[in-house]
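Chain naming follows the written order as A, B and C, and within any one chain the residues start at number 1.
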Amino acid sequence: MPKIMKKKYIINIIAVAMVFLLLCLLFDTGLLGRKAAYFNGLVTIGMFYTIIVCSLNLLTGYMGEFSLGHAGFMSIGAYTSAIATTLISDHAELPNIVLYLLAIVIGGLAAAIVGVLVGIPALRLSGDYLCIVTVAVAEIVRVILSNFGIPAITGSATFGKSFAGIAKVSDYHYVFITMVICITVMYCYIRSRYGRALISIREDRIAAAASGINVTKTKVMTFTISAAFAGVAGAIYAHYITTLVPTYFNFSKSSEFLAIVILGGSGSMTGSIVAAPILSALPQLISYVFPEFASYRMLIYAIVLVVVMIFKPSGLFGGKEFSLPNLLLDRNYRKKKVSLDENKA
Amino acid sequence: MTKLIQSLMYGLNLGSIYALTALGYTMVYGIIRMINFAHGDFIMVGGFTLFYTIPVMKNMGLPLWFAVVVAIGVCVVVGVLTEQIAYKPVRGQGSTTALITALGMSLVLENGALVLFGSAPRNVPPMFSLPTIELLGASIPGQTLLTLAIGIIVMVILSFFIKYTKLGKAMRAVPEDKVASTLVGINVNKIITITFAIGSGLAAIASMMYTTSYVSIKNELGISLGLKAFVAAVLGGIGSVAGAMIGGLLLGIVEILVKVYMLPGTYEAVTYLILIVVLLVRPTGLLGKAVSEKV
Amino acid sequence: MKQEDTPVLETKSLGIQFGGLKAVNDVNIEIYKGELIGLIGPNGAGKTTIFNLITGIYTPTTGSYLLCGERMNGLKTHQVVNAGIARTFQNIRLFKKMTVLDNVRVAFNKNMKANLLQSIFRTPYYWKEEADTTAKAMDLLKLFKLDGFADQYAENLPYGKQRLLEIARALATDMKLLLLDEPAAGMNPVETAELKESIKMLREKFGIPILLIEHDMSLVMSICERIYVLNFGEILASGTPDEIASNKDVIEAYLGKEDEGGEV
């Protein structure tokens, strides 16, 4: 590993640890008093949103394809992991952390399997056609979940169309660490030779193939990875909210995820990381701070979305990344960034 | 047998609602390569217009179908405004931006309706009181037959309009080549606006058909109906007017048949399954043209 | 048969039909080690279609083609590249929003070994391979004097340099045969001269056989050893530049309206 990278890693680790300590300070010391639980919830939701939005950005920003069905992959992760943990905890008393780990691994794997099965045939399509197939897949999953209640296998949880009594093990400490790992993995994937191949496909499919890239394989692999992380997010959601209803994972949810990707900046992980927590919390905060505007919150959100598209279609970060180590280590970073922008213009 | 005929008639009725809506999607897609997600919400707008204007017509002693004229007017205004305010500025910004803007406008209309009308479902008062008609042993409500007839007539008129009138020809020319269309003197912006106006007008007629048969409307109507109609458009081959009609009718019949003869709750899944299968076999839909990339 | 006698590329009555149109018909081309072969013909004669057939973008409807004696029909584009045929495109196809360096590094992908887990966890092997690849890519860029642009987006390069970058990217795939599709198209005379030098350098340094589609007659005549002339999808003539220049059919079909040279 180059020396400079080691330095960068250390800076990043310190930065992440500081954010983590800040959260602990806010929620574990009673600093926020009775409001702690409320904000804790917002932060946890923001974190699983970050995972799923980043996973969708993998497709949108780097592969150049849309999915309007990510809520479907999320629901697969959520339901599978919830069934698994409910069954397991009926037979054995496991510590929360073990149950949590089992949940995210099972949720991620289940969504990945569906991702491969969908991706292999569907990725022959592209653009709007692929987009509508992802919608179709998610709707099929939702209809199945809505119609075929999971039979009551155990006594402790109510199964059926809505699925209650899931163990509440998505503690924000765990979720935070999961989120950091997920983002790191996705980031490293993009920066590896696989990521280069992926971006080359986005830029020019035919030229990528003529440069020796196996287009289908790269696309299916990315689609699967993206689905897997959506599944992880679903598992976290299930074990935070404890009651699942299929209608949560509808088309609107999928389009909300896509909207956040675009608002943050398609092709910018930083954009997703900044936008996901803010935009997932924004509607809640609007109705929290101004209760009289509660019914306006989604309208405001929608108008903001359209206005941003008209005036800044590349989103908040416009495909660029923010790097703390570069800011600290490289004195020319700011200058360089400016000159790059000039080149683009 | 009577059950089958009854189902087929209901299927045709639902199908022509889908077809009229799908036409709006397909014409807009053909001309600006954009999935206008807000199109489904135009039907919701039409539905609420009917809900509020039918009683007014009743009080004023006017014929109730005047309400449909008002609904068409309102839908055309909403459609053209959507195009002018939101879509025109993002034209040429790439397909991502267009897609998200359309999703955004869909959300704006849906939540605008939530703010204005609340989330409770409303029952649109009946516009026609026609007797039930016996057809080959099956009894079918008269208004279902009437709206079905209206739907089919509108589609026939539209087909002739697009095929033979100067404006219709221009509407077919623009999707083929925008630059060449401009060169031969077609005002592309005007054609796009007209396309939106016609699409929205069709949506108003679809909402008349929908409310006559299904009565209840709410602010979320647009999403479910719109998605299904969009599926119909893709199924038929997006961009193809005939494809949208065939796709819509096919989808309506299949849905009703699944509802009647198979598991009623799964008809949506069947719809989407058919879409996936068709796209995998014929990636451009039933009547869509394959576009190959020049290397 | 001795190894030297196996052509690097051999097409056997290769052809493709689009609907009723025979775009390419009964084409027999042989290229031997180290040769620089020109493929010329009027617009629409089917030159690029032959490239598309050889690189697996189209599937031949008749005939076959062999790379070093191996039958290649039915392979997908990336498999063809892996087998050793690289190409450039008539209308430049670079990865515009990737850096010049990354454009070349992508093409090294097929020979890189770090698997998914090694790449994600960034093992020492990953770092070593990345460093090696970068070094090799920089070497290639230096050959074409593009190393100074390594960090720029490909789309920001001047036109002539974009053409060279495409060739550099093709070279990175470590091929046995290079197909160049109108590399001089749209170039000014200075850039064309530079290109000519680059092609000469390629042959001296790597000894790779090259099949060249080109409209710039002076370029083709001055550097190619043999030339195939294509007209209406069929081979009209083949031979040395002198033979071609004096061939009556060719003059009639092609050289007679030679003002096409500057076409973009």
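Criterion: a contact is a pair of C-beta atoms (placed from the backbone, for glycine too) under 8 Å apart; a residue touches a chain by one contact, two chains touch by 3 or more.
This one's a predicted model, so the numbers in the text were calculated from it and none came from an experiment.
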item	value
Maximum centroid distance from chain B, chain identifier (CA atoms)	C
By mean Cα position, the chain sitting nearest the middle	A
Whole-Å separation of chain centres (CA-atom averages), chain A against chain B	33
Between chain C and chain A, distance of the C-alpha-averaged centres to the nearest whole Å	42
Chain centre separation (chain B, chain C; CA means) in Å	49
Multi-partner residues of chain C (at least 2 other chains)	57, 89
Two or more partner chains touched - positions in chain A	206
Residues within chain B bordering two or more other chains	295
Touching residues (chain side chain A, partner chain B) in the complex	60, 66, 121-122, 124-125, 127-129, 131-133, 135-137, 139-140, 143-144, 146-147, 206, 251-252, 255, 258-259, 262, 266, 295-296, 298-299, 301-303, 305-306, 309-310, 313
Touching residues on chain B, where the partner in the complex is chain A	29, 35, 37, 86, 89-90, 93-97, 99-101, 103-105, 107-108, 110-112, 114-115, 223, 227, 230-231, 234, 238, 263, 265-266, 268-269, 272-273, 275-276, 279-280, 283-284, 293, 295
Touch list for chain C against partner chain A, complex	55, 57, 76-78, 81-82, 86-87, 89, 93-98, 102-103, 105-110, 112, 114, 116, 119-122, 124, 126-127, 130-131, 133, 152-153, 156, 169-170, 172-173
Touching residues on chain A, where the partner in the complex is chain C	1-2, 5, 185, 188-189, 192-194, 196-197, 199-200, 203-204, 206-215, 221, 319, 343-344
